[in-house]
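First chain A sits with chain B, and in the next complex the same chain sits with chain C.
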Partner chain A sequence: MYVLTLVTLLLIYAALALSLNLITGLAGQVTLGHAAFFGIGAYTLAFLVAHGLGFWPALLAGGVAAGVTGLLLGAISLRLRDDFLAIATIAINFVVVALFLYLPFFGGAFGMSGIEAPFGDTGTLIVAVVLFGLTAVLHEVIRASDLGLALIALRESEDAAGALGVDVKRFKVTAFSLGTAVAGVAGGVYAVYVGVIHPHDFGFPLSVTLLAMVAIGGMGTFRGPIAGAIVLGGFAQAFSFIHNYQLVLYGLLLALVMRYRSQGLLGRRE
Partner chain B sequence: MSGLAVQGVSKAFGGLQAVADVSLAVEHGQVLGLFGPNGAGKTTLFNLVAGLLRPDEGHVLLEGEDITRLPVHRRAQRGLARTFQVVKPLTALSVTDNVMVPLAHERLNGWLPLRGYRTAAREQRARVLLERVGLRDQADAPAGSLPLGMKKRLEVARALALDPRVLLLDEPLAGLSLQDARLVLDVVATAREQAGVILIEHNVRLAMAACDKAVVMEAGGVIASGEPDAIKRDPKVIEAYLGEGSDA
Partner chain C sequence: MDPTVVGYLALEGLVVGSVYALTALGLALVYGLLRVLHVAHAGVYAVGAYCGWIAFDFGHSLTLALVAGAAGAAVVGVFLDWWFYRPLADRPPLVPLIGSIGLFLAAGDLLRIVFGPYQHSLPAMNAAPLVSVGGVTVNATQIFVLAGTIVLLLVVYWISAWTRLGLAWRSIAQDRETAAAMGINIPRHTALAFAVASAIAGIAGVMVAVYYNQLSPTMGNEPAYKTLAIVVLGGLGNVWGTVAAALLLGVVESIAGAFAGNYFPPQAVAFVALILVLLFRPQGLFGR
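So, the complex of A and B:
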């Protein structure tokens, strides 16, 4: 039983890490607010299901809500470069968590509870497998496509990409909204997986953890973010007794990887 | 009119008039040499033409159409290609994939361009282009691993992949061996058959031989323009620029 829930969680993390990799690994846009979009998906599903909507349409709605929010915020903040973008996305994360806390129909600090898994625990595992599978396929289709080539080009040099016919602004926003939409769907699956969600489940620490998963595993690769999700997600379970110090551990691991293997554990040296 | 026309273009940065009322034109089949000392405004003019900067005044026309307000990528898609003075290779991508980016530009206007970027037709075209600049043996190497001379030639191959109507080359010969420089000039001579070329170059002797006309800038303005041979004898030009560097 324990293995089943752990595998479900790791699959959700792996899908999340891959969705972040579209934005940060391929397009090179470092975001420290990805957890906010995961949360938007989770809260959207919880709210809609509580109001009588079925699981699948609510899941889809969560993805759309996160993706549209990502599209709007991306259009504004992706004009910023590098560290300014990172700071802006941190701000987005805090604002979204504050909205979960203060909007009355989201249950405040107690969050939303009683979110039922429509197909039982095994069913949720299967849904997580499908989520991961579809995300992996999307990730690989994009990487081999004209879109993926354009994203990597603008990551390497915005000026060169523009001069070669790539609409840099548009493709940054495309990557951001695709990545955030997938995060939203993952959030919906997470909501039925845990049954109870709180604003702080989707805070800045989770965003840092997700970025660490991608960076430690290997940015821009396929296996890297998945491996990172398994290592750090597994870590979180194994060391749950030192809950408050987990971020210290991630930070340490991230610092070590960046120092001795900056391309990530499974990344290729370029 | 075919080619490129720059009409009364000016650009100031704060109090500095980087480009002042510059007009020039280049037609298909012509190579225009753009000369002048450092800080004369040549690269700023390129950035105004390519769309990286917007002029305060004046117009830029490509194939007779006003492109002054068009974003960079639209100009590139219409066949305005450029190389950078400081090379900008897409370092993590292979040499072939660097050329694939401009070859993909036609499909990049779709809503979600999810079709595979490696097509037989593109690989074939990339091979031909890399052959032309002498990079066939480096096709699979990461662009970041190339020495400077090869990076410069890769920039030229990428620009040619846009099927340029106008080609802007910003010091393509700087740092190249004489042999590599000749190779690039040969490529330029072939490219001019379908495009107008503007060449910024400090190696005056090499470049003048490749030009049909020359424009000399100083302090943001044009001080002379015309036949390369006449320009070389212009006293203003000799004083401003060629004087000490004429046999460089």
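So, the complex of A and C:
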């Protein structure tokens, strides 16, 4: 059913946007490669399920695989700031997509197909609801905790936070591994939701869209990324009647929001 | 490996690298002045190519096409600076970056809507073999691109090293506040930088269209992300490092693509190199 399918997708996007918000919104680390971790989760699940593993352990493995790779990115982020980091994450996204394309057991450009939804379409919706719910809880718990405060301090000024005794390195890496692990789990849910995945489903354009969800909604807030996910995720559906103009409208939306309301639609101006 | 084949591939790579250099150069210049990643620059490059194509259709002159490409791109570039980047100067770098990506997507798609999704041809020059260097034949379009690149690079060198404009650019890049306190009109000099950078990108767009005898609305896609990798490889904001990195990348891609294309995509060269450089030489290949 159409509505059910759309709601499932939007829930996955909302969870993804919140997971990115942990990294970019709270900790202030700009990443343009989040789709890669989403893809790592999806491919891990598809590969393991195809080799006989059950859905839940495969889903968990996808989260772990993405989180471990995220740990690597976190290590890179210790050496790089702002623009350098953003470009490095673009590079990681391209390399991960190239690996999906060229590693023989990932099915090349045809991707991996026949990933069965273990509980049917309604079951996938419920899994997506749980995914979103748990991500939202995690997001809010972190935001209210010492970890959240430390991340925000990191965002506002890395040097000042460090000088005040915040363990900058540890918290940065924590933000990256948590955010990417959640993205990996979301990728697993996405894999059973669509049933067939291709390398280019997880490319740089999706990373841009994810970052745009967070930025357009309002970085660092709770409702912002969710609203951004609904607006941009629903964008294709809402404007399907003028699909010829979809991309230009999307591009202009990004530019206009950044130009005239750079704190995001629901964000507060400092 | 047959040396003639390698020579041919290197030549091909040098031509592609020249185009990378001309587009990435603008990105480096803008980054030096504004500290923003001007992703929409690749859109300006595509717009330049289309302006040249229209002019060529109209006047059947290559010179006219190059002038139109430069002028059209410069107008768009200066407009983007005035309307978009200048008001966002004090926002976090993420803000202009996302908006710039949006502008890039919108520009490419606008070209598609107005001029159609298919390729157009720009038959301004015959790709006839001209000279042979050690068994490698060089044709007219390759010489056109290489010579054009050398001329443009010399112009940029002249501006940055010998004119007051270049001096102003260097002082703004070094210390914005002090430059302003010394009476340098920052908005005006930044606008001029956008004009020069965009005109060069526009000419590069026309040269690519002539070289391949084709242009399409998606022609900016590859430069869009590749120039980002190049400016970091060259040392962010370092114009000459950027040029060197661009030429090097063009040659390596061309040779690696021919000999190892089955094992990995040549497009990944830039990014694998980028990750390695960021980890081991974050100041860039040619940075200090």
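Some points to look at:
The criterion applied here is as follows: the second predicted complex is superposed on the first by the 258 of 270 C-alpha atoms of A that agree within 3 Å, B and C clash if a C-alpha of one lies under 4 Å from a C-alpha of the other, contacts with A are read in each partner's own complex, and residues count from 1 in each chain.
One rule holds for everything that comes next: contacts are C-beta pairs under 8 Å (C-beta built on N, C-alpha and C of every residue); 3 or more make two chains touch, one makes a residue touch a chain.
Keep in mind it's a predicted model, so treat the numbers as computed, not measured.
Applying the stated contact rule after C-alpha superposition, one finds that A:A160 touches chain B and leaves chain C untouched. Residue contacts after overlaying the shared chain place A:L80 against chain C, while chain B stays out of touching range. Contacts of A:F110 after superposition: neither chain B nor chain C is touched. When the two complexes are overlaid on their common chain A, residue A:F239 makes contact with neither chain B nor chain C. Once the two complexes are laid over each other on the shared chain, residue contacts for A:W56 go to neither chain B nor chain C. Once chain A of one complex is fitted onto chain A of the other, the partner contacts of A:F204 are limited to chain C, with no touch recorded for chain B. In the superposed model, more residues of chain A are touched by C than by the other of chain B and chain C.
In the superposition on chain A, contact of A:L252 is made with chain C only, not with chain B.
For chain A in complex with chain B, the touching residues are 141-142, 144-150, 152-153, 155-157, 159-168, 171, 174, 220, 270. Chain contact summary for the complex, chain A toward chain C: residues 24, 30, 76, 79-80, 82-84, 86-88, 90-92, 94-95, 98, 101-102, 204, 208, 211-212, 215, 219, 244-245, 247-248, 250-259, 262. By the touch criterion given at the top, residues 50, 52, 71-73, 76-77, 81-82, 84, 88-93, 97, 100-102, 104-105, 107-109, 112-118, 142, 144, 158, 161-162 of chain B touch chain A in their complex.
Interface residues of chain C facing chain A in the complex, by the touch rule stated above, are 31, 35, 37, 83-84, 87-88, 91, 93-110, 113, 225, 228-229, 232, 236, 263-265, 267-268, 270-272, 274-275, 278-279, 282.
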